[in-house]
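There's a structure below that I have some questions on.
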Amino acid sequence: MRIGILTSGGDCPGLNAVIRGAVLKSSRFPGNEFVGFKYGWRGVVNADLMHLDRQTVRGLSKQGGTILGSSRTNPFEGPCGGPENISRVLKENRIDAILAVGGEGTLTAARRLAEAGLPVVGVPKTIDNDLAATDYSFGFNTAVEIATEAVDRIRTTAESHQRCIVVEVMGRNAGWIALHAGMAAGAHAILIPEQPRSIAQICEWVNSVRHRGRAPVIVVAEGFVLEGMTEAHSHKGLDAFERPRLGGIADILAPMIEAHTGIESRATTLGFAQRGGVPSAYDRVLATRLGMAAVDLVVQEQWGSMVALRGTKIVSVSIEEATHKPKLVPVQRYEEAAFLFG
Amino acid sequence: MRIGILTSGGDCPGLNAVIRGAVLKSSRFPGNEFVGFKYGWRGVVNADLMHLDRQTVRGLSKQGGTILGSSRTNPFEGPCGGPENISRVLKENRIDAILAVGGEGTLTAARRLAEAGLPVVGVPKTIDNDLAATDYSFGFNTAVEIATEAVDRIRTTAESHQRCIVVEVMGRNAGWIALHAGMAAGAHAILIPEQPRSIAQICEWVNSVRHRGRAPVIVVAEGFVLEGMTEAHSHKGLDAFERPRLGGIADILAPMIEAHTGIESRATTLGFAQRGGVPSAYDRVLATRLGMAAVDLVVQEQWGSMVALRGTKIVSVSIEEATHKPKLVPVQRYEEAAFLFG
Amino acid sequence: MRIGILTSGGDCPGLNAVIRGAVLKSSRFPGNEFVGFKYGWRGVVNADLMHLDRQTVRGLSKQGGTILGSSRTNPFEGPCGGPENISRVLKENRIDAILAVGGEGTLTAARRLAEAGLPVVGVPKTIDNDLAATDYSFGFNTAVEIATEAVDRIRTTAESHQRCIVVEVMGRNAGWIALHAGMAAGAHAILIPEQPRSIAQICEWVNSVRHRGRAPVIVVAEGFVLEGMTEAHSHKGLDAFERPRLGGIADILAPMIEAHTGIESRATTLGFAQRGGVPSAYDRVLATRLGMAAVDLVVQEQWGSMVALRGTKIVSVSIEEATHKPKLVPVQRYEEAAFLFG
Amino acid sequence: MRIGILTSGGDCPGLNAVIRGAVLKSSRFPGNEFVGFKYGWRGVVNADLMHLDRQTVRGLSKQGGTILGSSRTNPFEGPCGGPENISRVLKENRIDAILAVGGEGTLTAARRLAEAGLPVVGVPKTIDNDLAATDYSFGFNTAVEIATEAVDRIRTTAESHQRCIVVEVMGRNAGWIALHAGMAAGAHAILIPEQPRSIAQICEWVNSVRHRGRAPVIVVAEGFVLEGMTEAHSHKGLDAFERPRLGGIADILAPMIEAHTGIESRATTLGFAQRGGVPSAYDRVLATRLGMAAVDLVVQEQWGSMVALRGTKIVSVSIEEATHKPKLVPVQRYEEAAFLFG
């Protein structure tokens, strides 16, 4: 069997560990062969391939990024040629299955290709942890650890200057990173897309913290919207990569807080360092296991399925289940965290 | 309501986060009060208390160790006086409930006290992750991250000198730390208590790695036994604290491997640094949530119960369920990891 | 003898270690006493004091920020009252000496106070490492390590997407952080205030890197100016705290590079996380030694002097020497780094 | 010009950065070529070479270990053939100069080869920082940071259990790592080879710490000897690699302290993780600069010289100067640290 793997969408710690897990697992089945499509679906539609074997994936579990490269190409858009073209590429290159590692867009494409009769399985990838059907996705743990360490550092500066600092973390539609990093770092408020709040409420928290003699630290997800703030102002819906450099939500909130409370306030945005570099051990294990299990899906010809984490187990689910709606922070989880606020 | 909390047994990153979570959650219920028993059950039997409030637990989520101190005192042993004495202490100090944070021994004591009619709930604590009924216990994630980083470092030395290095990690009865750190760091063999292996098998792995031009790195749990090795030689069953300084299993394996393969081999034992210090964000979140949920158990008077992680949820389980047998590494998980060996 | 210590200006890892070093050293001389002025010179002019002893400074060497708080108050400005007022405060509080920890402004004030006959010594503090007379200042090493780790992480994302990423680090007038972090992380170009470069030169480097198949990573100090760019556009001269949120130099460079080279380019600014949090071991040792040595200056009544690092030794220098002009990156050091560019 | 580089002796973070610095610097001189000798002097005497160019050293500055491998082969011992053989190898492989990266043994060999007329220059390498003529050697900073982080972690466990913990770090003849890590982590005693102390003195420190309500943490260099303890018992003089597994000095001290003070005491040895893995930014910059400067020595034909750090400058010194006696911790530095003890 000859399997082709691709990685698509934004960078995410653990992509290389998925590739390594899949290749090493596959290498145990005699006759199996592995190739990589370069730069996501672009490599599929252009038949841009590289050979993958035990030697190629050596040491990859701890390496950030993806040796295959990534892109945001969608096989159903533009001149990609859709299923027919991909079917032809597979045939011409004697590839028996595609293992697609990507987010909602990639998985939806994978599902549609499978429905069109192509041999495709998926591995869910979202640094924001917002895909349903999996308890956690790889990369998320690393992002939370990095964000937490940054907030830990920033807090001492807030205290030294008796300032309020607003820290913006990733999370366009779902606030998981803010929720976890905020709880871990003991933030005095956590603001997430799922829970619009008014500036009055935020300032009440800030004042209460200051009243206890402390310097308020707020963790805000990039997709948070103030109650009453239109999406146009919040930049929600814009890709982090495409977002104009007007500054993010933290840059909007800090001066508002300062104006309302009289407390000096500053903003800082954590940026790309959250999504690159060496994955945490947690993400390496999860990504490796997902990569290995995806090979099982291929062997079992479970086209249109993907691997997922449930508790401590790797299971198989239909891609449909994972993509029909995003996994948002439930209100109970937000309220649990909010017990620690203010 | 006046709640007393204690932390018992070996150090574990996240203990302070449990204390903080419980105190902050409780402080939201008017009329609640919190005290800490110092040095585990010893503080209970001796009525050695400290007041705990919002101010006392400030900044604790990221602090290693336990501000309450710990000990290995068992309330059912020696001159502790058992349930009667504890009942008297609670009455004299107007304490309405005990929140016991500890491992198998502490939880078993908690269950027996609850059976004797005392108001006790539990929070599971085991750095080895070997308690049933909870997917993960806090501290384990931190230990795995530390061990993985150490193995990452040690690997470059193995490669530079073309040596085999055997790294001993914690895990007396269960190999979870070795399994996860070994997978994360790409170890060439993982040896755990649940899976005795012969020196011949180990050397086969070592030789196969060397044959591919690499320097073998082996991760071994302290409780691993060679097939045919008696427990007396393996030190299994001795407490890590009490274990005589004869050297651990890594010190036994390295010279055996060198003798059998002719490959220079060295041993290193990671030691106490695995179980202290700043908890990972993952453990801070888990420990905080467990501490908060334990207060709910108290409010609901679920004596004899403990909190646990299932998937992404904190649930309540009977302590019985968690303590009737240890959670060992299942054979499937070991075989999954073994796909990557050799 | 009764010594008062103050910390002034921007946050810097190691401030607490200086305080601890000074207090512990002093506590060895019988009869010595220590107090802290709160929030920099503001605490001096307002006689806002806190007692400092062995117990107060426990565990401080690894704690970020400053337990005394900081401010940007200048004793010679506004209603501070200058030397006369300070002299009165010292007399009224029986304080025999001031140990001032701060940057150029604070040290200049300390020198002028000493010239006016007041008993003041200094400890140099600049995260940018731009004070003359000392090889390194504490905090700088930590900032470089944090920036380097961030660039390491960001690089994998640049490679995965074949993008150019411009990373902005601290350094308003001197490019030391950019120079060191850029060299350590293997940046393809380093841009510093001391060395204006044209956009044409920068794009030549970027194209050359791309030509070798790599994703260009550029480290730029916040104070860098393009050749021909007026200061008004570069924001140079504005305080990092006061700088309007127009975006920094990285936000200016990235779109220019993309426009000139056609290579997708992104900007990221590391922000406050560079200047807070746990100090590196290097900075803890340096800060501790400086704090201890400053007490020697007090005992020797070397008013108007400050401590400094020369090679591996802590020496005493006149504040004059350290403040008459900033320590910029010499051209040879920039050329040395530039050998590795492009 | 064709230059050959070798790395010799124990692993040390920064070796790869030296190689990269030298190769990149050299690649700027047209006509220069670089080769690596594999496994130290063994590769020289056996003419075991690998080609090195810009591509080979890509990304090496942050990679631990050495891509050339290392060994303890001495060209003047055994069947190596001495200068004549090496001279022949150089001629046969058209190599114009040797750049030797190593410790005292390697540098002494380099000096003797230069005296015999061979074109050899040196780069000093010692994780223990015990070579004279250089303020710091690369790798030392990384080792101190790792040791400090470990002691930070271990301290919380000591406090939780009210135990004394003795942490053994590297340092056979010189106590630099113990001195720096001990100061950084706030150890209650630092024990180094240069300063024998009696068990009575150590226990006085331990008791004084305990008396203040704290858990004593002692940092001891592996080469420390108790006053009156013969070298045979202290294992001093044995190579860390060859040292029998009787346990180190920490394993000797802990039970003695417990016996004398009645305070529960434990030992832990940090081991190989101190000398491998990703170098700190400090070490990457230092190693890169040393590698680049060594190429200058070659170009200037300064045979028998080596590069060294003085203050912030890289200078050239005779190898003689660096090797005629080790750089030990001066008594003033020890006394400075001892101000913070007990």
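In this document, chain identifiers A, B, C and D correspond to the written order of the chains, with residue numbering beginning at 1 in each.
The rule we apply is simple: a contact is a pair of C-beta atoms (placed from the backbone, for glycine too) under 8 Å apart; a residue touches a chain by one contact, two chains touch by 3 or more.
The chain list, named the UniProt way, goes like this: A, B, C, D = ATP-dependent 6-phosphofructokinase.
Predicted model only: the values in this text are computed from it and were never measured.
*Asks:* Starting at chain B, figure out the least number of steps needed to reach chain C through touching chains.
*Replies:* Graph distance in the chain contact network comes out at 2.
*Asks:* Please indicate which chain is farthest from chain C, where distance is taken between mean Cα coordinates of the chains.
*Replies:* Greatest centre separation from chain C goes to chain B.
*Asks:* Between chain C and chain D, what's the gap in Å when you average each chain's C-alpha atoms?
*Replies:* Roughly 30 Å separates the two chain centres.
*Asks:* Distance from the CA centroid of chain A to that of chain D, rounded to the nearest Å?
*Replies:* About 41 Å, centre to centre.
*Asks:* How many angstrom lie between the CA centroids of chain B and chain D, rounded to a whole number?
*Replies:* The separation of the two C-alpha centroids amounts to 34 Å.
*Asks:* So which stretches of chain A touch two or more other chains?
*Replies:* In chain A, 149, 152 touch at least two other chains.
*Asks:* What pairs of chains are touching here?
*Replies:* Pairs satisfying the touch definition: A-B, A-C, B-D, C-D.
*Asks:* Mind listing the chain D positions that touch chain C in their complex?
*Replies:* Those residues of chain D that touch chain C are 21, 24-25, 28, 54, 58-59, 61-62, 135-136, 141, 144-145, 147-149, 152, 180-181, 183-186, 212, 214, 280-282, 284-285, 288-289, 292, 310-312, 336, 339-340.
*Asks:* What residues of chain B sit close enough to touch chain D in their complex?
*Replies:* Interface residues on the chain B side: 7, 11, 15, 39, 63-66, 69-71, 146, 149-150, 152-162, 165, 241, 245, 247, 251, 255, 266-273, 275-278.
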